[in-house]
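Letters A, B, C and D mark the chains as written, and numbering starts fresh at 1 in each.
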Amino acid sequence: MTDYQVARRPNTLFRNLNSKIASIPMIVTAMVVFLGGTVWTVFYSFTNSKLLPRTTFVGFDQYERLWASERWIVSIQNLAIFGVFALIFSFVIGFVLAAFMDQKIRLENVFRTIFLYPFALSFIVTGLVWQWLLNPDFGVQHVVRSLGWVGFTFNPLYTQSIVIYGILIAALWQGTGLVMVLMLAGLRGIDEDIWKASRVDGIPMVKTYLLIIIPMMRPVFITTLVIVASGIVKVYDLVVAQTSGGPGIASEVPAKYVYDYMFQAQNLGQGFAASTMMLITISIIIIPWAYLEFGGKKRG
Amino acid sequence: MNIRSLAAALAASVTLSFGAAQATDLEVTHWWTSGGEAAAVAELAKAFNATGNKWVDGAIAGSGGTARPIMVSRITGGDPMGATQFNHGRQAEELVQSGLMQNLDEVAAKGKWKEIIRPASLLASCTIDGHIYCAPVNIHSWQWLWLSNDAFKKAGVDVPKNWDEFVKAAPALEKAGIIPLAVGGQPWQAAGAFDVLMVAIAGKDTFHKVFKDKDAKVAAGPEIAKVFKAADDARRMSKGSNVQDWNQATNLVITGKAGGQIMGDWAQGEFAVAGKVAGKDYTCLPGLGVNPIISTGGDAFYFPKLKDADKSKAQAALAETLLAPATQVAFNLKKGSLPVRGDVDLAAANDCMKKGLDILAKGNVIESTDQLLSADSQKQKEDLFSQFFADPSITPEAAQKKFAEIISKAD
Amino acid sequence: MADQATLNTAGAASAASSGSRSGPSGKRPRPIFSTRNIVLYGTLTLAAIYYLIPLYVMVVTSLKTMPEIRMGNIFSPPVEITFEPWVKAWAQACTGLNCDGLSRGFYNSVRITVPSVIISILIASINGYALANWRFKGMETFFTVLVVGAFIPYQVMIYPIVIVLRELGIYGTLSGLIIVHTIFGMPILTLLFRNYFASLPEELFKAARVDGAGFWNIYFRIMLPMSLPIFVVAMIIQITGIWNDFLFGVVFTRPEYYPMTVQLNNIVNSVQGVKEYNVNMAATILTGLVPLIVYFVSGKLFVRGIAAGAVKG
Amino acid sequence: MNSSVSVKDLTLKFGAVTVLDKLNLDIKDGEFLVLLGSSGCGKSTLLNCIAGLLEPTDGQIFIKDRNVTWEEPKDRGIGMVFQSYALYPQMTVEKNLSFGLRIAGMDKAEIDKRVARASEILQIGPLLQRKPAALSGGQRQRVAIGRALVRDVDVFLFDEPLSNLDAKLRSELRVEIKRLHQNLKNTMIYVTHDQIEALTLADRIAIMRGGLIQQLDDPMTIYNEPKNLYVAGFIGSPAMNFFKGEITTADGRPAFATNGVTFMLDGYKAKGPLRPGTKAILGLRPEHISVDGPETADTHQAVVEIEEPMGADNLIWLKHAGQSMSVRIGGSRRYNPGAQVKLAYDMSVASLFDAESELRI
């Protein structure tokens, strides 16, 4: 028994009301646009919607067709190759550049600006420039040949087997600057005493980076991973601007499959099925991680 | 004609017609942005502005693939344009069925479209459930082989008169450092070239059996196998094209860097802009010189339903203008296509157009694949052929198998 | 020891900038021509050349005439400098019937970018602030969905958004496009702001609450004045993203609002015979100029802000 | 009820973790209460609950007999001083002091008056136009206290306010806080992990552990009669010496046997009967053991291991009953390692705990 007046917990709906009001845009975006749009997409992926969405259900037909489509398989393979290499190279190059930039160098501002400026340019522009640079009749191949190296062949954009690397070159050019900046920021956040300690202990610099500094930079790596990975999954403009998916279907990517089938082929159902596959893959990878990272974590 | 000065003239005419009180702005979207195309659109705009309304140009470059999604989104999004180009055929079918498009019955009746438009299949493609929903403006045929006379002269061989001669001349061209056949990287070009080969080699009936009746057995049969053989030749001859856009490929022919190109009659506009003369600088072979049949696809304008009554009136005015004889002549001369009405005088037509008109008059026509197949099937076909043309490791037999599969599931 | 408070209360801004103030955390400088310096500067210079080549080619090409481009080598400097391509790209290049080049899109791009940047940053910063300081039940779930949303390709979302905008009756309007930009900027921006605000000392927030400041007072009077670096980062990201956007600009508006990138696409894709590479390159540079200038001007703040916002988990 | 702050059955859980468990606490008007405990014991959490910065899962909080459980912090009549000072970096000292008043819409003259008074009390007048970054640590903490002062509230909450200062400043400000309390006579709740601060400042100390108050008493009681083993071990530096053993009788008197050594419990004020055979722990503070004093019947022998001279005191570490123990003696008495000493105990201030319940016997 309590011998004092108990104040009832106020209606929880109105607790923290301002915060809830302020979060409405986020909630609406998350629930209506992202979640709603996803559910809507999944729903219509089971229909045979053509130009306009309609509710004639066809079960898993769209998915069967999707996985029987050579272009879809190629798209996925390309994304996998592109994704793995883009991640590895952008992290390695970005980190190495950042580590070099962190050596009390002269002209740091100049170098940083040079590495970062491509990020200001859109993928369309990036694609155009690199299409031009890699064009066999004008670009690198032509230049090297006219220097007397007649047999020189470097024609990624018109060679099926290596076209995806031609796109990778452009993507890395555009994106590593940002990775470098993120890494640099992370390196600058490392306590100077760590460096002193490793010097006193006589640990070589490379080892210090690998064994001490990199593990300490986990938050930076995670933020960078989110930014780079979300860019990889979405890769579309670059491919369109550089190769339009060609030669043939050699540089197709999933996002382009979605767009082409939704709008050019006017087969929304097929486009939605491809979207759903992408969304599922993303969700499987991202949600558990995102929940661990952002959910339930308390401060104080 | 210089486009810039044309635009200036246009601007002037707009200012003049501004005096007319009922001038209504009508936004027209299309993807005609190449040199010849833009010149042709200017003719339409001029004619429409002369009615006292104002043509607001909404060109979206990058061909139908880029433009169509934007157009469809705007119509379904509830912010439609005044009029929009589609390839006539089945691209806008569902928009019509959902009641988003303006019925043109009245304008059609007034202009006696049923009588003047030929071939009738054009109007049929515009007709859904007995009502007319689009105004065809031109006939475009795919079945042309464009040859550079210069290139053959340089290679020291005669300009071929048909596909077989062309294939035979290829080694000579190659020896002279000329790409025999220019094929751009855009997927629809490869698919289109294949359709052309099919009409020329397998003939009209087979074409119909495959694309109209969707007969997979024919598609897998020996007739089509021959077509794939020819496509294989074409693939070999097209090696080294290294261009994306169709008109860049055409430009290879214009400049003599390539021997020929299988491309629709819209290529003619590019030759015209470049100041080339048919018969002298270049040669055109309808039906690849084998089987003079042309398909009658083309472009049509659709008119989304608008709330504003003035705009609806302007839409009717535009529909009427598009089919007016003078517009038809002016437009099609620039565009390099054929007029949709048989009763206009195309005295100014050049060599190639006359060949086309001739075939049309004889009735040697087939429907275009845009009319026969859904956009979905078309896209799958495009994927297949762009892959086939780019990847020599795919045998004609394997490709034919896939082709038959697409046909069996086509709608 | 006494300085700790500066770090705490003056916020991550100074924490981050202390790097550039007191120099990097690496080793002490050594003689100029040591092996280490040669490797260091050699690598950086080579990398810099790789990054600069495309820009160089773009600029050089845009200053050449077409015949020179056809004959020459893309790396050779122009024999005869011409500004014709720039004039053409800016004011004369044609799309369909409109022959006024990029100029017609410039104002639209400004008109789209300015409100979109302001609104998206305002909303994302308030959301990030609420997430960091005013949690309520379920909030993290919404945020998780939002972050996952960052991975959804835009193409997938076009159709649902067309429907949403249509139902709201703002399809094709400028406000519709602004909303779309706000929506798609939200995941990354909210993440940045949330991390940044979470990195500010929590006691500051508590002190303000004891002082009687509420949600908005704390946001505007305490948090905002401390958050310049992260706002710069958000601004740069958004200006770049929105200015460079093509897809939304063309799908969700009508021609009178088409941004510069649509004109750019039209110019590079409207081939009149041969591709006019010089005009294309000039148009490309012109289109990229605004975000480039923003970068050159505020690049230093960008790094500082990134250090403050992105790095803290 | 004349209590100033009263906490009833307060429970706070973060998910599955219970931070505060049905905690009760009454603080008298004008009392200086110190919440003492090691980190993670829930003391700051409790303070934040009282301040209204954390929402309790269950329970009630009263301030001045008013139920404020769900009130906003600003409406509770509290002022709070934080460890990191939490000064608004972009505002001058004056603005920092007046921020809360300005938010409340108080009129300008009154604000000025209060700021002037606070700055006089804390002697920060010359600093008013400076920004926090231009202040030293001690000055910052003064401003932080001033910010609580201007609010003219009944209850002051201090969350480890001196932890970020160096030792000298800390003892200076400690005195100032004590003086402030004597002058203002407000209720003050002070969280710290520093037992010196607790013992010097508090009217009463609440020792917390695992979300529970272990003992709430005046400093001397806490020191001399710790309620349980934890409190006994926590308070006092160096820590109390503990011996594990059992209660026996020797010569018919209660005694404590461990490792072959017997301590006579004469003079120990037991709470109840001392039953022989009970497993128990004997606690002896280093200063309650005399070395080489007058011989008694219970004198033990031990060997010095280490000597730690601390100026005023000298601490010697001995080996006794198989374990290490420390003894505090006068600073002038020195022993070399290896020296034999005789030990005697004052059992009236010793502590005896049940080995199982760890409660004082």
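Definition applied: a residue touches a chain if its C-beta (ideal position, glycine included) is under 8 Å from a C-beta of that chain, and two chains touch if they have at least 3 such contacts.
Keep in mind the model is a prediction, meaning the values are calculated, not measured.
Novice: Touching both chain A and chain C, which chains are there?
Specialist: B, D
Novice: Among the chains, which has its CA centre at the largest distance from chain B's?
Specialist: D
Novice: Please work out which of A-B and B-C is bridged by more C-beta pairs in contact, and write that pair.
Specialist: B-C
Novice: From the C-alpha centre of chain B to that of chain C, how far is it in Å?
Specialist: 40
Novice: As a quick test, compute the distance in whole Å between the mean CA positions of chain A and chain D.
Specialist: The computed centroid separation for chain A versus chain D comes out at 53 Å.
Novice: Note the residues in chain C that touch 2 or more other chains, in rising order.
Specialist: Correct list: 158, 214, 265, 268.
Novice: By residue number and range, which residues of chain A touch two or more other chains?
Specialist: 15, 259, 262, 296, 300
Novice: Which parts of chain D, given as residue numbers and ranges, touch two or more other chains?
Specialist: 48
Novice: Give every touching pair of chains, nothing left out.
Specialist: So, checking each combination of chains, I get A-B, A-C, A-D, B-C, C-D as the touching pairs.
Novice: Any idea which chain A residues touch chain B in the complex?
Specialist: Spelled out, the residues of chain A in touch with chain B are 50-52, 69-71, 135-137, 155, 158, 160, 243-250, 259-267, 270.
Novice: Which of the residues in chain C come into contact with chain D in the complex?
Specialist: 1-2, 4-6, 8-11, 201, 203-204, 206-214, 217, 221-222, 225-226
Novice: Contact residues on chain D for chain C in the complex?
Specialist: Its residues touching chain C are 48, 51-53, 72-74, 78-80, 82-90, 99-100, 103-104, 132-133, 136-137, 140, 144, 147-148, 151, 159, 164, 166.
Novice: Where on chain C does chain A make contact in their complex?
Specialist: Interface residues on the chain C side: 15-16, 19-20, 23-29, 40-41, 43-44, 47-48, 50-55, 57-58, 61, 69, 73-75, 123, 126-127, 129-131, 134-137, 139-161, 163-164, 182-183, 186, 188, 190-191, 195, 198, 202, 214-216, 240, 244-247, 261, 264-265, 268, 277, 280-281, 284, 287-288, 291-292, 294-296, 299-300, 302-303, 306-307, 310-313.
Novice: Considering only the defined contacts, which chain D positions touch chain A in the complex?
Specialist: 6, 8-9, 14-15, 48, 54-55, 60, 62, 67-70
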